[in-house]
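What follows is chain A paired twice: with chain B in the first complex and chain C in the second.
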Partner chain A sequence: MLNPAFIPTALLLQLMLLALLQQGLSWWSSLVLIGILLFKYISFKAQKKVRMMTINALAVMLCLLLLSQLWQQDMQDSMLQLLFFSAALRLFSIHSELQHAKKLLWVQYFLITTGFMLDQSLWFASAVFLLFFCNLYLHYLLFAPVQQRQFRWTDIRLLLWVMPLCIALFVLFPRLPPLWQTERQNQAQTGLADELSLGGLERLVQNDSLAFRVEFADEKPVQHELYWRAKVFEAFNGQDWLPDLQRTPQPPLTTPGRYRYQLVVEPHFQRSLFSLGQVSQLQGQVQTAAAGLIESRQQISRRFSYSLTSDGSAVSQQNMEEAKRNLVLRHTNPQASELALQLKQQHRTASAYAQALYQYFEQQQFSYSLRPPVLNQQAQVDQFLFQHKVGFCGHYASAAAYLFRAAGIPARVVAGYQGGVWQAQGDYLQVLQKDAHAWVEYLEDGYWRRFDATVIVAPLRLTQGLSDALSLSERQFLDQFFQRGVLGNWLQQLEWLDYYWSVWVLSFDQTEQRFIWHYFKTMPWLWIGSCIITSLLLMLGIYLWLQRSNQSQNVLLRQRMLKALRPYGEKAHYQSMESYLRQLIQLYPLQATKLKELLSAYQQFEFAEQQEQLQQCRKLLHQLAKHSSTAG
Partner chain B sequence: MAGIQALQQLEQKLNQVILGKPQAVRLALCCLLSEGHLLIEDLPGLGKTTLAHALALSLGVHYKRVQFTNDMLPADLLGQSVFLRDTQEFQFRSGPIFSQILLADEINRASPRTQSALLEAMEEKQVSVDGLSYALPKPFFVIATQNPLFHAGTNALPESQLDRFLMRLALGFPDLQTEKLILQQDQGQSRLEGLSPCINEQQLLLLQQDVVQIKVSDALLDYLLALVTQSRQQQDCLPLSPRAAKALLRATKAFALMSGRHYATAEDVQQVFPSVAEHRLNPASSRDNQSLSLQLLRKVPCPL
Partner chain C sequence: MTLKMTVWQKIKQKLRQRFDRWLEQRQPAATELTLRQHLLYVFPSAYGAWFVLLIILLYVFGSNYQNNLILLCAYLLLSLFCCCILAAFFNLYKLQLKTSPPLAVPLYTYASQNLTLSLALSHAQHKTMLLFSGDEFEALLFETLPELIQLELYPRPRGFYQLQRFKLESYYPFGLIRCWTYIQLQQAYWVYPTPSESKNTNAAPRQQILDQPDQLAPYLPGDPASSIDWKRLAKNPWQPVVRQNSESSAPALPKTLIVTATGAALELQLSDFCFLLHQYELQGESYSLSTATGTIGPDHGQAHLHRCLQALALC
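Now for the complex of A and B:
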């Protein structure tokens, strides 16, 4: 009795699902799944039933295979694969019973929504919704009355009717914190590395993907003030700059900040978050870290949104010990140390020393390049400062921090992002991975002042972004990585959509919900108005429903009859119920008495309008449906 | 409902005379009950006249038979005014149409003039001669028979006049067993002779009133209208008029009464539909051809 279109549609759906969940599946499981689907397709075409023994054996084998792979794989991915295998194998048993088909549909609903664990972008969500509707259609195929197996306009209209309810539920339903959370491991890290060596950040600069997006509430900082701090490297091992692991978190300021802004961070599988200067107010999942930084309580494995208030000014000194830590230096670069001492003698204060360093970089004609010469292991700072004089932010930051410390001024390397592109439509700032940057902070009068040699070497890098700061050949080199064709403008529009998807939908949490309630409470007329409108709509709905239910008793009964009697035989659409029942009476002599009683009760209910016969009809239908399995 | 029992008895008797055609007999009785006129069309020798005669005989009402020919004049049917010498005035001598049942044999042999005189009387239930109107008796019921159109010397009834007949029936050939039975029972005397009336005029009028009282549900009316509307949307047939819809409803009700019910069902509509609709959808068709109306029935979904 299964609709012939059911199995091909289910196969197609699972194929699409395979494409959707590709990220979570290993290569071998994808292959196995394609194999299973192909096998099912062939046996379906040839109209051959596969023996359940074979399927069960296959299932056991796959389980063992999964178990053996368990130590190599993420737990969550293994579970996903297990679920997918069971769904694919379930396809083999649905010809026998309706029950199996129902189970399959529910497993598929579950599988489709697991997609959200992998990705939350608007495009992915659209794909998930599409698959969801496909599954809904499958469900429809299974249960629709025989004469209406086509999805019709009325069904679509019905779906549209449900939409306002969905939106209302989304907005009003209490947001519960997650019951459990899963961490994804074995993920390639994106974003800033945990150490800075000369020539670090190179990998990031060649990456065009999105890092995070920011929207400012009122005042926007100027472009060259947009230094997004993410990591501070305070330990120097003679060659690389590393984070100091023995630091305690610095409490945030309580004073109101100058800038209020909201960030939407792309998953980078680290805990570090981005902020401008000194942070003063924090909420929810965000907490303070050492050196005026902030971090998330959990690894950022899905799109994450948070709001901040910060003062644009310099970060204040945490304690005395901090200054000491940032003076530690292993003098691995003798030439640089000598230079530092020379300059320090001429310039007493830290700020004068910084000015002198700026001057030095300017006079010595340092230049900016993304393809600096490769440095030897020994005395890298010396090589950069006195030999090549070419490099990018990592080189300058590393060298400058060395020079500061060598002169006895506490200094550290900060990594993060600089600038970003303002999106005209959305009034929000888009920061890409290629905006990654590194600079130096030195301590003066209890505040950490910013020193960025790139300002001197490549001023355009700050005001107009990376590509303007480069020479033509450098730009061509960069363009290999960023193909921005004719579609550029279009893509921007799409990004804009995706941004508001994250801001309004993904980051809609308890706080936002409380805010809406608060908003309602402060405006009584809005509150009363929406109450009145809702109750009017409700009353209208009830009225229409009562109107319908009066008359549709007959329609309901007819549908019920068709459904209950379908196992006995199909009714032609032009056939009257009487001739249909008479045909059944001929075919099933065992049920003839019941069918005859049903016929007479139905006729009296339908045509003589004797309402009391409805009960009799229902009773007989129930009995007939129960015996339908023995009908044949 | 003593009337219904008498009716069923009547049906039984007719079936003993017209062997093997219970559906045609029932439909003919339906037509009678719903105060419509009946046209029986078939090849010669299939029992048209026998059915007509049997109906007339068993009803116990006054009936006359007229054999139509091509030289027949309207006056031969309606009657004429005759000048009486004794009283020096005209007197109307009524024709054969003044009867309760008129058997019009081979109606399509008459000239169009005579045909239209008859059909006018059928619709108006009165006759106008020399400026005076004469009412026809009640009940008034015409059973006309005709040969298929392709036979020589026939004048086809125009569409507007075919519409006046509530039903057109075709008897068709009997099946082998029935025909054998007919041959076996042929004793040289007509079967009609033994037929006696089993229903009287009063009962007939009462039954006709009962037909009007039959209950028709809203949904059933919708189905009936869907059938009529479908005919209007189709290209290959004439549309069914509101008169046709009325005829269909009456025939349906009569069919329900014949089945001993006080409510009509969708099956009733489907049973009477070909006989009521085919000659309106496709006037040129003849004999047993009910293809258009059956096609129509198959096109319209019936949820009832």
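Now for the complex of A and C:
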């Protein structure tokens, strides 16, 4: 017999799970699942039993359907769907059998936990945990008395014990490194693309989802120094900037840096990571890549955390190859090439040339816009520089890099993020996708110096953020992408909770575990141990004392009497206390008066429950015990 | 094939005997029993094993995808499993079982009739979902434990039996851990032959003896324990009182029953005698019984009746 609440609760659970795991399910599987749940609801209401044949046929059909979709889907999503189908069908088959219900719970535990593969943010995780506890409740119902609906107090106490144990295991239990590499094949990448066209970052700027969050350990850089490098584009084909294929990672330096910071990156299904200037120390599952960049060892498909130390200074040149590579240019923009040569003749050094370029952008009335005119295929840099003079950071970066290369100065385009918004009283920095930015790095004296024309064209972009740098109409254009409901606004307020959730829970790893173990080892164990032992002994003593005082007074008195009167003669088993005393009165006429008093006091205490007689008994016993030597 | 089977059965039997002997040493039969550590066995159930597999799977998944939340779930289930061990143990721990208090008349039933055996339980407040099962009675599941449980023993052929070792188990809570114990209570019971009236008996009812009130006297060492007035003893434990039956008037001529039949007729005769004995007792007559092993009586009274019935049961 199943608990009558079991099936409705399980139905509700699966419905909520279906809503929650929407993003991992394809549309047709969601439809099928809704159908199954609905049908189960109807048959449950009608008290009808579903035939096992039907279920098996349905299962075979669904498996075939899933197999046919296998090539188009990610492995992980297929697994999720398979699990969900098995859970739904199992629920479908349950009528009143304990065996099926047990299997259902097992599958549901697994299914609910797989939900953490999709998203780990605090809100989603709380919903998944809620369902997890819902399943636990179902599990409880299965083995509890049939009519019982609620937890009993003793069981709640059991669950309370579970929590600290669970946390201790989480913090202290040793962890395994990943056993096999997993890359999600069909997952769309988000964030910065692998190429940069002239107006390339447009799309990203309309997206206000979170890119990453940073917490600085001690010193924080000023706002306009926050250039988060993510990708370097070294090859230009006339339209797009592409990354160079030769990747020669350099060993990380170990010089101390000015800024120590920890980043928590949202999943973007790429390997590239973010850093400030030249990186000197790394911590976490990260490695250095070419051009002073940082990358993860595997694709980032979950929230990912790492720590860096960097100087904030310019990135150093790696080798001569690098300089040569960044000079390659097909002169497809004749006007721009001519301008570059003119400026180069007037300004010999690279830094002077950069200053001249800044001046050029300032004097020629360039402006900043999110909706620049569309450029045609031919000579895009020329069109931008001499015809429209309106553009976005992608335009400025491409054009500047072209101008540097045309003047014979090695230069490359860097894509990443600029700035960010300080959250929770300036404790951490939040960088959104709309903070995406592109700029140029040119080589001088073995260092790659930064050149960002946006500083001149839209200085507010760096200090105040993007929307302040735009005109009113453009700002309205941008705002239409950022509509949020009341709930969205409210959740935005609690964003900091989510941040500390990621820092403390999601990014807890072996490094921190090792640190904790080390901390434990260095604790003064001798002192702690002795303290614990003494307090335990003390508690035991108090416990025994309480037990003793709790024991009934009658028993204690009887024990006392037997002890005190032992010298006069032992009490036989069959004798009552009174007959024993009477016997003593006859045997010892000298003590007869006292014994008689004792007898009457004892009787009054024991049977008339006169508490004051206890004292009398004690006094008499004391006197009798004193005289026992003379009596013996 | 058959040889193999018999060897296998022999081994099984041997093991079974060994196990029984071991249990006998561990818990000899007792009238009162408190379940303590040495009597309780705790081990994961089959579902518990599946649950452990789930935990391992989640742990591997969580490690591989470096997903702390999956790991957290695995640890949550693991700690639940560990706490369940304790909870399952405490669900039986300290439970006290007592056989029904000694009566003047031994526990008895007639062949082909159920016997209801009652066991008194104490310290049973928070215990739930306990399953009593054994060879002699149908398994009984108690959701909450009453003060007194009644086991319906299956009907058996006449004779003298000891209550066999029975099993008490619980999967509570969560069904992951099974806690169980094998209990041997010292409780004997008699199965008398079924009384049945045969045609050739026609004993006329005689007048009843006047039932005189019992007389009380102080207890002296040597008095039978069965005659102690227990109600009064409870009120005043220091002065036991004994109940003395007044001697009835002189008995009439004693009736004598002699078991003579053998084989199939024996059962018929025993049933017949059983009926007669009851009738004589009801009529207050004096009677005696002779069997192959000896002669009882002549006498009357409940004790004598039961002595005679026991002799019949053992024929």
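Note that in this section the second predicted complex is superposed on the first by the 488 of 632 C-alpha atoms of A that agree within 3 Å, B and C clash if a C-alpha of one lies under 4 Å from a C-alpha of the other, contacts with A are read in each partner's own complex, and residues count from 1 in each chain.
Keep in mind that, in the parts below, a residue touches a chain if its C-beta (ideal position, glycine included) is under 8 Å from a C-beta of that chain, and two chains touch if they have at least 3 such contacts.
Just so it is clear, the structure is predicted and the values come from calculations on it, not from any experiment.
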Touched chain A residues, chain B compared with chain C: C
First (chain B), second (chain C), both or neither touched by A:Pro524: neither
Touching partner for A:Leu165 - first (chain B), second (chain C), both, neither: second
Touching partner for A:Ala608 - first (chain B), second (chain C), both, neither: first
Partner chain(s) touched by A:Pro174 [first = chain B, second = chain C, both, neither]: neither
Which of chain B and chain C A:Arg302 touches, first, second, both or neither: second
Which superposed partner A:His573 touches (first chain B, second chain C, both, neither): first
Which of chain B and chain C A:Pro4 touches, first, second, both or neither: neither
Chain B versus chain C as contact partner of A:Pro589, first or second or both or neither: neither
Shared chain A contacts, counted only where both chain B and chain C touch the same residue: 574, 576-579
In the complex with chain B, residue positions of chain A that touch it: 147, 554-555, 558, 573-579, 603-604, 606-609
Partner chain A, residues of chain B touching it in the complex: 215-217, 219-220, 261-267, 269-270, 297-304
Residues of chain A touching chain C in the complex: 102, 106, 109-110, 112-114, 116-117, 120, 125, 128, 132, 136, 139-140, 142-146, 152, 154-155, 158-159, 161-163, 165-166, 169-170, 173, 175-180, 182, 285, 301-302, 505-509, 574, 576-579
List of chain C residues in touch with chain A within their complex: 47, 50-51, 54, 57-61, 63-80, 82-84, 86-87, 126, 128-129, 143-144, 171-175, 221, 237-239
